[in-house]
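Chain IDs A, B, C, D, E and F follow the sequence of writing; residue 1 opens each chain.
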Amino acid sequence: MPGMSVEVMRGLIARRKRWDIIFSIIGLFAMLGGVVTLVALIAAMAIDGLPRISWDFFTSFPSRHAAKAGILSAWVGTTLVMMVTVLSAVPLGVAAGVYLEEYATKNWMTDLIEINVTNLAGVPSIVYGLLALGLFVYQLDLGQSILAAGLTLAILILPVVIVATREAIRSIPGTIREGAFALGATKWQTVSQHVLPYSTAGILTGVIIGLSRAIGETAPLITIGALTYIAFLPDTPFKGEFPYVSFDWLTSAFTVMPIQMFNWVSRPQEEFHYNAAAAGLVLIVMTLIMNALAIYIRYHFRKRIKW
Amino acid sequence: MTEHLKSSRFAHRRMRHVRERIIESLLFLAAFSSVAITVAIVVILVRESLGFFEHVSIIDFLTDTQWTPLFDDAHYGIMPLVAGTLVTAGVALAVAIPLGTIIAIYLSEFAPHRVREVVKPVLELLDGIPTVVYGYFALLFVTPLLQYFFPELPGFNMLSAGLVMGVMIIPYVSSISEDAMRAVPMHIREGSYAMGATRFQTALRVVTPAAFSGIAAAYILGISRAIGETMIVAVAAGMQPNLTWNPMEPAATITAYIVQVSLGDLPHGSLGYQTIFVAGLTLLLMTLVFNIAGHWLRRRFREVY
Amino acid sequence: MEPLDTHISRQYNADLENIRTLVLQMGGLVEQQIEHAITSLVQGNVALAEAVIVADFKVNNLEVTIDEDCNQIIARRQPTAGDLRLVLMVIKTITDLERIGDEAEKIARMAVQLINEERPKNNYTEIQTLGTHVRQMVHNALDAYARMDTVAAVRVAGDDRQIDKEYEGIMRQMITFMMEDPRTITRALHVMWAARALERIGDHARNICEYVIYQVKGKDVRHISLEQMEKEVVGNS
Amino acid sequence: MSENAMDLLKSEAKNLNFYYGEYQALKNINLTVAEKRITALIGPSGCGKSTFLRCFNRMHDLYPGNRYDGQITLYPDDVNILNPKIDPIEVRMRIGMVFQKPNPFPKTIYENVAYGLRVRGISNRRKLDEKVEKALCGAALWNEVKDRLNSLAFNLSGGQQQRLCIARALATDPEMMLFDEPTSALDPIATASIEELIAQLKEQVTILIVTHNMQQAARVSDYTAFMHMGEVVEFADTNTIFTNPSQKRTEDYITGRYG
Amino acid sequence: MEPLDTHISRQYNADLENIRTLVLQMGGLVEQQIEHAITSLVQGNVALAEAVIVADFKVNNLEVTIDEDCNQIIARRQPTAGDLRLVLMVIKTITDLERIGDEAEKIARMAVQLINEERPKNNYTEIQTLGTHVRQMVHNALDAYARMDTVAAVRVAGDDRQIDKEYEGIMRQMITFMMEDPRTITRALHVMWAARALERIGDHARNICEYVIYQVKGKDVRHISLEQMEKEVVGNS
Amino acid sequence: MSENAMDLLKSEAKNLNFYYGEYQALKNINLTVAEKRITALIGPSGCGKSTFLRCFNRMHDLYPGNRYDGQITLYPDDVNILNPKIDPIEVRMRIGMVFQKPNPFPKTIYENVAYGLRVRGISNRRKLDEKVEKALCGAALWNEVKDRLNSLAFNLSGGQQQRLCIARALATDPEMMLFDEPTSALDPIATASIEELIAQLKEQVTILIVTHNMQQAARVSDYTAFMHMGEVVEFADTNTIFTNPSQKRTEDYITGRYG
């Protein structure tokens, strides 16, 4: 028989269940708070910025006249900077992640690398800006160029890529590796034919998340002295004549979307605030698309592999 | 059956071996680059800071209550910047930690599956939005709103920057906490329900303690994010170093100061130029303290299911 | 009853099939021993009788082999339900078969000793008749076993009554002989022993029938009357 | 060794159907559970054993879209525990459960066992101490842990953890205990000691156990039900099931034949 | 040999202990049946004889019960090694015990029939002596079984030879009697049957000893000579 | 049913010791593996069964700090496969392994089976097709999957996945195959079919199998070694081990007694 009568038990249960209800209500409100803020933010942007969005807005250079100003140089700059970032951060980050998960034996050196990566992830982005200022701009004399900016953001997202790679690799059960080794595969065969292919989705998700973060980064680029007023485009990478490609654009001065927006926000004139809102809207849409892509990849590829 | 292997076995083996070694070395270099980055950060910050401390005593730096390096009457007391940083971060955390935790518990233990699947990504979008956009929002939407309630509130103030930053950090706290709670295996939860516990009891007495290390990590991450956040404060809190603990006032944070200086055109090697590295070093040390604390917490309370 | 050959494990099927086959082989051998023993006695064929005596070791060896196989199946396969009953039935069956073999050997020994006695006029027809019936009963019992036929098993078990009656007839006859002519005492005694051995063989055959019913129906029908036995078989078929 | 036909009835499933959304996992189950006896459910994977077991403490209520139909009566008070009017928490307070994988809470040994009592509002330390000790003794764990009641439950071995989970369920004096493959995560020696414990527990409490190891059912249970495709194919005392089952499907399964 | 009571499962210990106890109980009952049967025959006590005949059903019931218990242990516990041998030995032992019970019943039946005959001068001392020996042998065999004592088992098995000799002596004596005085034929025959029953009991007792050796040593010592048996026991002790 | 004393020798461990760093997991192991026979390793959890098995394909080389001492000879060519001069990859190419949990690669069924061949440099499609079919037939899986060789291996059931892993190992014609508790993650019916498969495989290949289910060892193996605390306590043909073991420790273990 139970330790108490059914009536006593029912009273007890009723009393305890009241807390369930109270907390449900609190939780619902908290959640709504977050969601409402998001909606308000987007709405505020849209109300102010939507009227400014037009074809011209994308194809015009910034201007002293708010109504004529556009974001051409900003989005081109962003695109080029991101290219540099991806091309440098991904190979380095993935290789580092693979080393740490698959090769590293336990010793002080790998411990050091390990702790170091964790801490890098927590370093404020502006500190990377200072690093870039000291190292790229002055030490390596890259100047305030697309290359310097791209590398800065690459360093910034490197920990993200490394961590994502490691997580993705770690989710592959050891038995899969042992299965490959047991069939006579070498270490590199195991890594290149199994570990990397199976963790592609995870790595890709991490890379996209990193990029969506990089695309909105403002502070480190301000630190290296990105210009806020650029009325020209960098040299194009692809040429009509030999050697067809050119790397001059790498050293070109640039601006990017968030800086352009910051610039407009900082102006006292209200009309520029509308420009800022419009640029913000474009930025939000860009990051939304990238986040959606990451979610899609995670969902779509994870579905196919269940360990 | 291994004839064909036997003949060329030796040559094969050496080639295989050499290739494997080369690949391993390359991968090691990649991993080591992260250490190089850290070293570079430290070297650069420390080198410029040393230059700074040749001119300014550490005592002054820590005790002076004014930070006016660019004025003629230059004062180099970091306190106003630290105070600004702590106040904005404090406001942000006062919003993010309670709300984030409640949302995490609600989503992981109370919300129907559908709600969770929708709300969680939506909240994560909060984190994906560029910070400069938040700055805009704080300055041009939240501050006017607050001024409606507190008419005397200045146009630049730490309260509105902190509040918006808090909202931005919510998903950090809630998402990671919720992940940690969901990582608590269902069978532990079922164990509690099977004992006759209610949802609230299960959430509070079993799931939350079990996920403690993850939740703590989420808090720490939120804190370092709040301290290092730049653009919101730069846009909305003003750029005036101001030693005050009152969030209703404008004040510069460390990060805002760095931005402010960078926007101008300071010659390389000047004392003004060095101040931003000193500020950076201070910021780095502050976040490092929290990161180490987080590391320790996670290690101390790691759960094995 | 389950067919034996549908286990997921082929080896298990093979092992079970193997002991069944060995039992039938042992049964065949024992039948032959009975036949030869009776023939040797009735025809006074000493050589045949001695062959029977010698061949008994084969029966014994089979018993030991099958027993060991059964133990191994139990130890290695953990049989349950029908499979377990099969194995346990085999363990019991071979004990009875071995006893039948021993009785056949005894009859053969009688045959050897009767050589020194004068042959009766009736040429041991009593033994001949009883022997034929008993042999038939053993044969039928093994048949029921091979086909796991409970109806046949009940019928064969019933034949034991007939055999007991015949046996008692022989006993009474022999006592009469002995009283009438004390010189025939030794011979009569030998006949009596032989008859008694045949009667025991009948009992063992009946046991085998009971095991068949146990195996198929899962019911222990030892120590109960024939009528009850019939009811069990019809009851849940 | 044989079971008593006079066993009292503790619980009874009548015409029970269960649906995971559209999918019908249990089909018209009828089964009795004898008081202070061990009833085992065996059957091939996916036949619905766990589903059936979890009906007894309304575990399915935790997930949306599940539907019961029919009834499970608990005696002696003759309540239908599937009745939507009955709070599942009440049912769970009366019927304890032990899971497949040992699932101690990430708390101390003491707090694990005390949890059920605290949930019931007991906080008097003396009383808790007493009940915890009693439960741990009942789960044959007291001697092994009495000196480290305040160390974390995770520091115990798998078998000990499972006994801790049994103690945790025992502490609240349940009327019935459900075991879902309680030894499938354990090695043979730990398994043997859990089996032994279960065999002893039946002196105190009615036990319903799911196992996919039929030898285990043979060893520990008094009654066995063989389930297949959501139905109870045969239910009888364990001796009968393992020596002379009446259904061909049962015989096929326990002797290792294809269906 | 392993002590039985060290299984992790108490119930398993209890089950094994239970069948062992039941076997010893059956053994005790059978011993008593032998004793009563002999007494009834020697003292001409019809009531006692009839009691023996009636009591045989108890022996039969015990056989069926123990057999079923053994099946259940095999089905539910999957015994191996020593435990398995124990169970299998029990299955065989009870068959022999049941046969001993049957022989005792037969002796009792002889006792009933001998009532109508004139009592011999020697008051059936032959049967008395043989009976005492056989009873002692059964007792010793059960003792060896209870203590799982292989050395004793070999010794007891050896006693069977002595019994066989005594039995042959009785047979020769009875034949002489019959020849001398055909009026004693019926009585002599009954004595012979009783003696033969006792001799068979001796054989069954020997079987039990063999099972003890099998159980302890894991060696099948049936159908081999006493000398070989001794070697097996000493060989790996 | 009984084993032939004339069995040929395929492999032999001599005075084998193994250390995980400081910890000695195997102590002076001597054991023979008969050709085209199934040798089973049984013993309580942590006794070193898996450790021993994994010595046979130098799996321990994958992790640092592990040390072998003594030798394992492979016949007929009489090489010591533990010799550091022998490349572990070579050993693994000759000795296949199947793991506790089915671990197919997240590739198609075809590519799973072909993988071992590709690693060996075979890429001729015709040859691959042929070998894949043969291996799948050998693993009794061909009929079930022949129409969907290009679907993902994860879509197979647990038992099928394990047979796929067996096919994968079989495809490269190993001389010997190692199985580490290959059915412990499977339900009884899948287990039975894997056991049956293993029993058939011995016609082609020498098999060494670890199982913590001694009934399984009893069912499938020809020889059984009982291990305890890193030692081989008793090694004999399976019938002897299960009906008449000579060591008390063996008897205690297989009859379910405390040590």
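We take it that contacts are C-beta pairs under 8 Å (C-beta built on N, C-alpha and C of every residue); 3 or more make two chains touch, one makes a residue touch a chain.
It should be emphasised that the depicted structure is a prediction, and the values quoted were computed from it without experimental measurement.
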*Could you tell me which chains are in contact with chain B and with chain F alike?*
A, D
*Contact-graph distance - origin chain D, target chain F*: 1
*Which whole number of Å gives the spacing of the CA centres of chain A and chain D?*
49
*When the centre of a chain is set as the mean of its C-alpha atoms, what distance in Å lies between chain E and chain F?*
51
*Specify, in ascending order, the residues of chain E that touch 2 or more different other chains.*
8-9, 12, 71, 75, 78-81, 84-85
_Touching two or more other chains - residue numbers and ranges from chain F_ = 89-90, 93, 189, 192, 214-215, 218, 242-243, 256
_Counting only residues that touch at least two other chains, what does the list for chain A look like?_
13, 16-17, 186
*Which residues of chain A touch chain B in the complex?*
13, 16-17, 19-20, 23-24, 26-28, 30-31, 33-35, 37-38, 40-41, 44-45, 48, 91-93, 95-96, 98-100, 103-104, 110, 112-113, 115-120, 122-131, 133-135, 138-139, 155, 158-159, 162, 186-188, 212-213, 215-219, 222-225, 257-258, 261-262, 265-266, 273, 276-277, 280, 283-284, 287-288, 290-291, 295
*In the complex formed with chain F, which residues of chain E make contact?*
2, 6-9, 12, 78-85, 218
_chain D residues within the chain A interface of the complex_ = 77, 87, 89-90, 93-94, 119-121, 172-175
*If you look only at chain C, which of its residues touch chain F in the complex?*
8-12, 15, 18, 69, 71-73, 75-78
*Quick one: in the complex, what on chain C touches chain E?*
57, 60-61, 63-64, 67-68, 71, 74-75, 78-81, 84-85, 88, 91-92, 95, 175, 178-179, 182, 185-186, 189, 220, 222-223
